[in-house]
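Letters A, B and C name the chains as they come in the text, with residue numbers starting at 1 for each one.
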Amino acid sequence: MTGHEFLSGYPAKLMEYALAVGYLILFIPFWRYVQGAKAAPKRVAVAVQAPARAAEPRGVMAWFHVPENVHLHPGHTWARMEEDGSVTVGLDDFAHKLVGRVAAVALPEPGARVAQGEVAARLGADSKTVGLLSPVDGTVVAVNRAAAEEPGRLEDPYGKGWLFRVKPPRFAANVRQLFSGAAAREWLEGASQALAARLSPQLGHVLQDGGTPVNGIARELDPEHWDEIARNFFRT
Amino acid sequence: MKLSRRSFLRVAGITGSMAVAAKAAPAQAASPFETPGADEVSMLVDTTLCLGCRGCEAACAEANKLPDPPADEGVFDEPRKTSTTALTVVTRFANPRDEKDPRYVKRQCMHCVEPACASACPVRALDKLPFGPVTYHPERCMGCRYCMVACPFEVPKYEYEKALPTVKKCTFCAARQEKGLLPACASVCPSGALKFGKRGELVAEARRRVYGNPDKYVQHVYGEHEAGGTNWLYISDVDFAKLDMKVTVNDASYPQLVKGVLGVPPFVMTLWPPLLMGLYAFSHRRDEVSSHTGGEHGSKGEGSHE
Amino acid sequence: MNSHATTAPRSWFKENILLGMNPTDYVKSLLTPFNAVCAFICMVGVPLLVYRFYAGLGATTNLSQTQPWGLWIGFDMMTGIALAAGGFTIGAAVEIFNLKEYHAIERPAILTGFLGYLIAVVGLIADLGKPWNMVGIFTYNGTRSVLFEVAWCVACYTTVLFLEFAVPMFEWLGLKRFYQPLRKALLALTVLSVMFSTMHQSALGSLFIIAPGKLYPLWWSQWIYAFFFITAIVAGISMVIVESAISHKVFHSQFEGRHVDASALTLGLGKAGAVVLFAYFFLKLQGVIDAHAWGYVKGFLGAWWLVEMLGFILLPALLYAYGARNRNVTVVRVAAAIAVVGIVVNRLNVSIVAWDYGNPNHYVPSWMEIWVSLTLVTLGVLAFRWIVNRMPVLHEPADLATAEH
């Protein structure tokens, strides 16, 4: 360019290379910051002690139990990859306690296709039903008929209370949308705080007592709005 | 015409550096001693000879069927630019050497050897004729005004006030030239300030005058290298910047600036499909695997497994 | 929903055009304050557009012999095309990079893209002196011009966008014969859309390479085509975030009964936005050093360049990073809004503010230019709303929701 030569060739090239090197050096921490992987677990590990058992009154976060190898969906369902490559789906502890005694369970048929974020099953309690969102995409290969026949099985939501199994074509992609481990516990903590805030007038003295909430918290304590609450938390 | 040794060396130096510039200039300059566009028609404007009679303006207006230029000398009081109704204008400038002898400069399209406007026009409404002039085809023009963006001399003028607007600029009287006539302006110039001829000869003539009279002329032929070379050449004894002439114009041709960029689309069209399909295959490979291994379990409506 | 063959045509019209309402009820439902404002804008703007064709550009714009391109090129055309880049970015994410979770926002992104390009084309037609001669790009061999390439690519890409948009349109019309082959062609269309977009998004920047003396050196660069392409990607990502945030609020009823985790998608896009903007910031610095333009960081334009760099490039990059890392969807959305404004600022800077910078009587758009641009944007928003309320854009069509993909 003619005219306004502020910098001549060589020093300018040096500046360009220096800038590029400086940028590369800055890029590494920037990338790691954006991905946010390492810092989070350390922070939560300090706060959460031994694996929380449902019965122990240790404050709000101990109400809801999350096993290690389970991935949670924002609609409060969970997915767990089995050894044979299929994925088991169920309802999480929070949801189970929120809904309480379930009168009926409607499950998808084997061979049906479910999609992440779409309603796959329904729980009936009293005269109302709540939809449950599937945490993964897939084709249903097995269904827990026992749970459908005896809804009491759902007391063990991560074990005998499983709902159905699917063959997932893109589990890796689906899992990116799910919470697990410490992040899941952190999220459940947030969900229970949100729930507590909604129910606070009634729940206040329960928290002070340190007692664990009864099954069917929402129904017992706020019968008029329970389906609004259920919809809010189950996202259906 | 005597050439002193100093001016000979100057000429040699100029032509030597022109060899470097020739790399950026059009391929017509096969040897460093050849001028780009040497066979194109050209005009040499010697501002030391111009009387400011503005006969060129009147002749141009008549030849192009434009309104007569304003008659009174008051036009010289202000800087002038060409317009949609005046394809050439003469402006008066003060002469620092002699207050009583102002300088007059005729401005019009420079008819570049590699015109930015013609290369910019997507429908070739502005196009360069092989023998030199850059001409305009109003029936092709869509009025995008990219020629106005491109021209470093700010020559093309647009008829914004019209419902069917066209671009206006000097056409070097290409039609007259094709009939063997001189351009209108040159045909009436009384003082010999306008000299018509082939570019190669006129560049040589300009250099002779300029480098042969270093005490008189500014040691530069304006238009020799500007924008890669223009067909309208100017020599002057007053600094060109004081004559309102654009002195920050590149020495390389403007179309050359975009040459590299224009080479990219065919590459993208060739390279992108295989690249994207490769990425597609790579990111879908897990789907392939899972659909293969899962094939035995059955996909639609087979019995439950428990 | 699609009732045809055995029922009268009028009920299809009622279901699919009047949204199931009686004509009087439908008209009543249109009487909202938002619609009133839009109507006012269009009632002034559309006649202005007609007037421009009757009276010419001089009567309606402030364009001059040194400022041949003004708001209609700088905003309607250049900014419009940049902000419509979501079509190819999300399309590529879903179809090429197999990020299936973004499938839910693929159709709205394509629709935004298609309408954005229509706005750009109408704005261009308003700006051209003799728009009917546009066909000349197909008949005259203007291949030495960057604008030739822009025109061809925009024409081809608008066609591709239309074909992609035609899928929900034909689904709405129930024309399986048309939408099925188009659905199958989606991968090919996506490859073409990335190809055409790469070419013309960058070529819009290349248009200015031929005029180094007229564009302030902090914006002119021989790499300007790379800057335009990268900011197009940023614009695509950011517009999709903004558009999906608004759609989720405004068209909430279409999301009921399904779960589209807009938050997770927004965070994912925010991550991408952070990294691209961060790299772009340094790329711009490189461009300035490469052009030896450091001395131009002075005066009003130098200060304004710093505002663009720090406030509209670095700031949204950092906000995106913060929001993505801390899973704060609101911060990501704010970053997206700033980034969108930043793209507008950049395109207007290149085409208007930093152009013809030596001129003491610098161009300022006329109120008519501004109003016409506003009208085109309003028409685009109204078209978006009309289409989204009727066609399967924000939700899957009935046959895809239950059956296989």
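By our rule, a contact is a pair of C-beta atoms (placed from the backbone, for glycine too) under 8 Å apart; a residue touches a chain by one contact, two chains touch by 3 or more.
Treat the numbers as computed from the prediction; the structure is a model and nothing was measured.
Undergrad: Hey, which chain is the most central one here, using CA centres?
TA: If one averages C-alpha positions chain by chain, the most central is C.
Undergrad: Using the stated contact rule, I'd like to know whether A-B or B-C comes out ahead in C-beta pair count.
TA: B-C
Undergrad: Of all the other chains, whose mean CA position lies farthest from chain A?
TA: B
Undergrad: Centroid of chain B to centroid of chain C, CA atoms only: how many Å?
TA: Taking the average C-alpha coordinate of chain B and of chain C, the gap between them is 35 Å.
Undergrad: Averaged over CA atoms, how far is the centre of chain A from the centre of chain B? Could you give it in whole Å?
TA: 66
Undergrad: Among all residues of chain C, which ones touch two or more of the remaining chains?
TA: Answer for chain C, listing residues that touch two or more other chains: 98, 212.
Undergrad: Which residues belonging to chain A are in contact with no fewer than two other chains?
TA: 1, 170
Undergrad: Can you list the residues of chain B that touch 2 or more other chains?
TA: Within chain B, residues 248, 250, 287 contact more than one other chain.
Undergrad: In their shared complex, at which residues does chain B touch chain C?
TA: So the residues of chain B touching chain C come out as 81, 83, 116, 118-125, 139-146, 148-150, 152, 154, 157-166, 246, 248-250, 254-255, 257-258, 261-262, 264-265, 268-269, 272-273, 276-277, 279-280, 283-284, 287.
Undergrad: Spell out the residues on chain A that touch chain C in their complex, using ranges where they run on.
TA: Spelled out, the residues of chain A in touch with chain C are 1, 4-8, 12, 15-16, 19-20, 23, 27, 30-31, 33-36, 74-75, 113, 116-119, 131, 133, 137, 170, 173-174, 176-177, 235-236.
Undergrad: Inside the complex, what are the residues of chain C that reach chain B?
TA: Touching chain B from chain C are residues 53-59, 61, 63-66, 68-69, 92, 95-98, 128-134, 136-137, 139-149, 151, 153, 187, 190-191, 194-195, 198-199, 202-203, 206-214, 222, 225.
Undergrad: Using the touch rule from the top, collect the residues of chain A that touch chain B in their complex.
TA: Touching chain B from chain A are residues 1-3, 85, 109-111, 139, 141-145, 167-172.
Undergrad: Mind pulling up the chain C residues that touch chain A in the complex?
TA: 98-101, 104, 212, 217, 257-261, 264, 268, 271, 274-275, 278-279, 282, 285-286, 289-296, 320-321, 324-327, 401-404
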